[in-house]
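The first chain written gets the first letter, and so on, giving A, B, C and D; residue counts start at 1 in each chain.
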Amino acid sequence: MAVGPLTLPILSAITWSPFIGALLIMFTARHRPRAVRWIAVVATGISTLLSIYAYATYNHEAAGFQFYEKLPLVPPLGISYELGVDGISLLMVLLTSIIISAGVFASWTVAVRSQEFYALLLALVTGVYGVFASLDLFVLFLFYELAVLPMYLLIGIWGSSGEVRPRGIFAWAYRETGVGTKEYAAMKLTLYLLFGSAFILVGIFALYVSAGAASFSFLELEAAVFPLGLQRWVFLAFYVGFGILAGIWPLHTWSPDGHASAPTAVSMLHAGVLMKLGAYGVVRVGMGLLPEGAADLAWLVGGIACINIVYGALSAMAQTDLKYVIAYSSVSHMGIVMLGAATLTETGLNGSVFQMFAHGVMTGLFFALVGLVYEKAHSREIEKMGGFGKSMPGIATAFTIGSLSSLGLPATAGFVAELLTFLGTWRSGHRWWLFPAVAGTFLTAVYVLRVTKQIFWGPPSPQFEHLEDARGPEWIALVVLVFVLVLFGMVPGLAIEPVDTATVPLLARIVRP
Amino acid sequence: MTLETVGFWVVAALLLVSSLAVVLTPNLFHAVLYLAAALVATGAVFLLLEQPFLFAVQLLLYAGGVVTIVVFAIMLTERLVGERVGQASRHPLNGAIVAAAVFAGIVGFLIQAPIRATAPAPVVDTTASIGRALVGPFAVTLELLGVLLVAALLGALYFARSEE
Amino acid sequence: MTLPTVLPLLVWVLPFAAFVLLAVVAPLRRAGPRAGLLSIGAMGVAFMAALVVWVEDFRGEATWSWIPSDGGPIATVGVLVDPVSNAMLVLVTLVSLLVQVYSLAYLGDEPPASLGRYYTYQSLFAVSMLGLVLSPGFLQMFVFWELVGLCSYLLIGYWYERPAAARAAVKAFWITKLGDVGFVIGIVLLWSATGTFDFGELFAKAQEHALAIDRLGTIMFLIYLGAVGKSAQFPLHVWLPDAMEGPTPVSALIHAATMVTAGVFMVTRAEPLFALVPEVLTLIGWVGAFTALLAATMACVESDIKRVLAYSTVSQLGYMMAAAGAGAADAGFLHLLTHGLFKALLFLAAGAVIHTVGTNDIFRMGGLFRAMPQTALVFIVGTLALAGVPPLAGFFSKEAVLSGVWEAQLTGPFLMLALTALLTAFYMFRVVFVAFFGRAFGAGHPHEAPWLMRGPLWLLAALTVAVGIRLAMGGEHEAPAWLVSLSLALAFAGFALAWAMYQRGVVDPATFASALAPLDFLARRRYGIDALYGGLYRGLVLGFARLIGWIDRYLVDGVLNVLSALTLRGGDGLRRIQNGRPQDYVYGVAFGVLLLIVWAQLWR
Amino acid sequence: MSGLQAYLVLAALVFAIGLFGVLTRRNAVGILLGIELMLNAVNINLVAFARFNGDLGGVVFTLFTISITVAEVAVGLAIVIAIFRVRRTVEADRLDLLRG
């Protein structure tokens, strides 16, 4: 792809625009909450428009990485600032921009230290964009850390604490660690993700050394040939490292606590985009660079994904706290993502990427709604709610659409993703994966509709008569997310066409065992 | 037994005795005076090693400067506390065992070390070459030392300043 | 794209446009009756178009790529126009149209915003059902299949503030979804084996005997499971009676005339594939017949008029499925069409009664014939049709089903269906005698419904008669004469029994019931199937979920918390080494030096 | 025993004595005195090596060491005085602000 010298470096613009917004917020908008919000809207708006533009102009005929940029940073070590996107990462960039735009609107009512809140949020988003767009593994890792670390502050300062009663044989440990508080959640999440990133770093260095090309560039590492033994354990390292962020069982427990404690926009971004970062890492770095290792360990990835699906759904069913339900549903749905990838088939991988997108939008919608409900009813206890449909019909409708996408109803994006994954499983090496996956969707239907019924249906209790529906900026968030959910469900080709240009060459490198 | 050898034993004896006095005498003020003696004895060792310049420096800086400062410090703390600063030994046996062990370790090294026993070249006045070395190969180190001294000076001032 | 495909597409597009308008333009939706008029208008035009399609007997197929992939699209969407879909188009648009008109009066007291919501759902339902009918492949059928289920959920839960309605809606969704699990696995397996969802391709292969797939029987059985859920076959029939919590027109529309027949339609549509696996067909036949009988017995003891009709629907769906299982899919499909007409009629008439009486309980009605003769008349027409009295529509289709089952030598199912015919006549006339004749119950002044509701009733009654006469004149029924006599005798016996019990009081219902005590006991408790599901759901699913939730919170996460608590404790312990005394640190340094010395000595 | 070794053993002895002082003195100033002795021992080593190896570096370094020692004493005593102001004691065992 020839890029003229005068062409706008579009990926850099997408990536850094929020960061500049964050700087502007920190330095120019002190004590002016309105200005803070408008800067955030403009900064994320630029990213969004540019990513839509990039998405529209992406060349479907020419596979490979487009909108390529390169700037050597440390030439002796082969580190360079190298950006480029293919169909998968482009879809993820689009997802990020959708979620953050909605997130900015959804957190319009943050009152405490909104300046720092928005600045951290935007800095985090730059990290996310950077991971999706980076082709240099070292820079990718830096962006990854940038995406993970602000979470600690965002949850620790603006989060909300829940209550977990210490029980069982490990009750003493619960008392000593302060389970349930937002500080606990923030610390758990950060430690978990840093634990994971240690694996990633080891993996990256192992590839760097083994390739001997003195380059961190994805493209150059892709050309290198690694021995099978190395591929196997490095893939495992990437799987564990990135997989923690994708919520693989049994390393998923940071996710419910973290998502439940985090403020609305952070939950949206985290469940909507950051978990995808993990799955993206496994697919892009793990499968992309270590095809044989991936093929060799697909049984593990898929098996754990199956556990995730069923286990997450059952756990979600057992929760009494609304945010925990949604958080566990993410664990379950990320199982579909990993399962699709583990099938190593074109349909399955397309389904996996589509599910990343669908689940991102859906869970973003969910967390936005939960935030609204919480803000108005001041309760997250499902049992205490009821009959909200009467007073907040808009929120109820959006929640229902989200639920339907969650259980894979046709005409929402969730269906296409799940269908493709199912189709992939039966053609993969492990056909039985289909059954837990389908069972998971049924269980999802059970708990999601149960929650919907409990919250929005039934007679309204007098305690909640004063509730209001969503207002102004919040509407924008909801409408955008619902629209995207339905649009991609009705016209799946929008996403699958570009994604397919990336998955086919990726799979061509993988030798089936 | 050359004169040098005799000198060495005498000086060594002095040094060891005064050193022991430094660490053993219960009176801190006396300890400082013994330290001064030990420092002078060290200077004498330098003389035996034919480094008169170092001997001078040792006398001026150490025996002169350091001891004065320490004395001042003791006076200050004494004035502040209103009584003489007492000195009892803390776990003297433990300290002795560890110190002896370290000594034994070092000597163990020395015994096994392949040390050239050859006598050194005849000595000329080293003062001039020291001076050249200081502004020559060690110039940067010297400058850094200056910076360090300034920093230490400021630090000492900062710590010792009286609060308003 | 030619007229034969454009016109059916238009039938689909019109309600879709109405739905989108109502869903997106909030002021229009909140306008209530005006929203209804928009929906009705779209439906009316769609009905005209469907009529043209049917009369002209269009055929054709048009598809577009839906889910792309590297080697050509995985899934296509489009329209498949043939006699089966044409007939369904007419039925669906007709019943939808009449129901929507009827609802305008029936739900006239609803707040405008709610009414708008109702018509939005109605339009969406029409879209889904028409899309299902026009499907050229399994995938599109599944898509609209699920959407139909969604509409059912939304419409049953229309009065979402009523806990019973909310429960019923969710139950309906779950139970049908359970069947759909089989459906989706089935089509995934089918696609994996053949690489296509397309009916045309699959049928062509089936005809050339090129469909040599392992486990085709399993695949078709799984697909059939979808129909079990949607068409309320045993053991997944439990949702349909509860679905009566929705407004009566909804019951008429989706739980009698159209939606529940989707399963039968699917089996009819995929008949060339089912024909390859006779063992599955036999199973379908047995299950259908058993469902018919089971539901009929439950209808006999039910006192809620809508629930009687609901069980009768389950029973008649069993008939259709039995026909399909016997290889007489045409007969089943014919019964589907005629049943759609008269069951809609019965439901709407029941709705008119409920609307004016204010209760569902037939024992709190009585003598309504005098108060509302027109409604009673059309209800009796519907009853006669359902009981299988010539020359009404139901007679001929029922005959066809029975003779199909007989010819397939399914004696067991045949006997069950025959017994069902008797029971059908009995429970329907039971309703007629109890509700419309006998003593007036007193309270209230029942009166005829407004013409907006009566109009559709008369139209449906006329159609029931007309279709019956048309079938009689066609003279196509080749049923043996003894069969005609038998079914007439059965219908009359049922009628006579009901008359004796509830009109003349010759036989005391209580004595009769005690004679059949065990059966009565079971039927009144719905054979414990609902309780079984409830127990399974609460005990097994929820219990297991709680267990998993507990394990996750206190064991999986517990291990982590133990690790973290141990780390904290370890740090707490090691902290004490840092006692803050400088000289002890010097001891440490000294020991370090010694260690180095020893180490260096040993390694020299 | 060669000449060099004699000096080295002497230095080691002084070093050990200084270490003993550092370990056993209760007074912070006393500890400082012990440290001075240890540094002196090092200086003796440096000069002795310089003398017997004919290398001037050792001498120059001794110069540096002496200068640094002066700075060290100055800062150390300043700290002692500062602590004394706050805690009213210079007994090392009671200066355990860093206790974990």
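Miscellaneous remarks
Keep this in mind: a contact is a pair of C-beta atoms (placed from the backbone, for glycine too) under 8 Å apart; a residue touches a chain by one contact, two chains touch by 3 or more.
Quick caveat: nothing in here was measured; it's all calculated off a predicted structure.
Geometrically, the chain at the heart of the complex, using CA-atom means, is A.
Which two chains touch most often is answered by the contact tally, and the pair is B-D.
Computed from the mean C-alpha positions, the centre of chain B lies at a distance of 99 Å from the centre of chain C. Computed from the mean C-alpha positions, the centre of chain B lies at a distance of 7 Å from the centre of chain D. The distance from the centre of chain A to the centre of chain D, with each centre set as the mean of the Cα atoms, comes to 60 Å. With centres defined as mean CA coordinates, chain B is found 65 Å away from chain A. Under the contact definition stated at the top, the residues of chain C that touch 2 or more other chains are 583, 587, 590.
Looking at chain D, residues 19, 23-25, 92-93 sit in touch with two or more other chains.
Multi-chain contact residues, meaning those touching two or more other chains, occur in chain B at positions 90, 94, 98-99, 102, 106.
Shown here, the protein chains touch in an arrangement that is not a line, ring, star or fully connected set. Across the assembly, chains come into contact as A-C, B-C, B-D, C-D. Looking at the complex, you find that chain D touches chain C at residues 19, 22-25, 31, 92-93, 95-100.
Put simply, chain C touches chain A in their complex at residues 65-70, 74, 113, 139, 142-144, 146-147, 150, 153, 157, 160-163, 166-167, 169-170, 173-174, 177-178, 181, 184-185, 188-189, 191-192, 541-542, 544-550, 552-562, 564-566, 568-569.
Residue ranges of chain A in contact with chain C, taken from their complex: 164, 167-170, 172-174, 176-177, 179, 188, 249-250, 253, 257, 311, 314-315, 317-319, 346-347, 350, 387, 389-390, 393, 404, 407, 409-411, 415-416, 419-420, 422-423, 425-427, 434-435, 438-439, 441-443, 445-447, 449-450, 453, 456-460, 492-493, 496-497, 500, 504.
Within the complex formed with chain B, the residues of chain D that make contact are 2-10, 12-21, 23-27, 29-30, 32-34, 36-37, 40, 43-44, 47-48, 50-54, 56-57, 59-60, 62-64, 66-75, 77-82, 84-85, 88-90, 92-93. Every residue of chain B that touches chain D in the complex is listed here, in rising order: 8, 12, 15-16, 19-20, 22-23, 28, 31-32, 35, 38-39, 42, 45-46, 49-51, 53-54, 57-58, 61-62, 65-66, 69-70, 72-74, 76-77, 80-81, 85-92, 94-96, 98-100, 102-103, 106-107, 110, 115-117, 119-121, 123, 126, 129-130, 133-134, 138, 141-142, 145, 148-149, 152-153, 155-160, 163.
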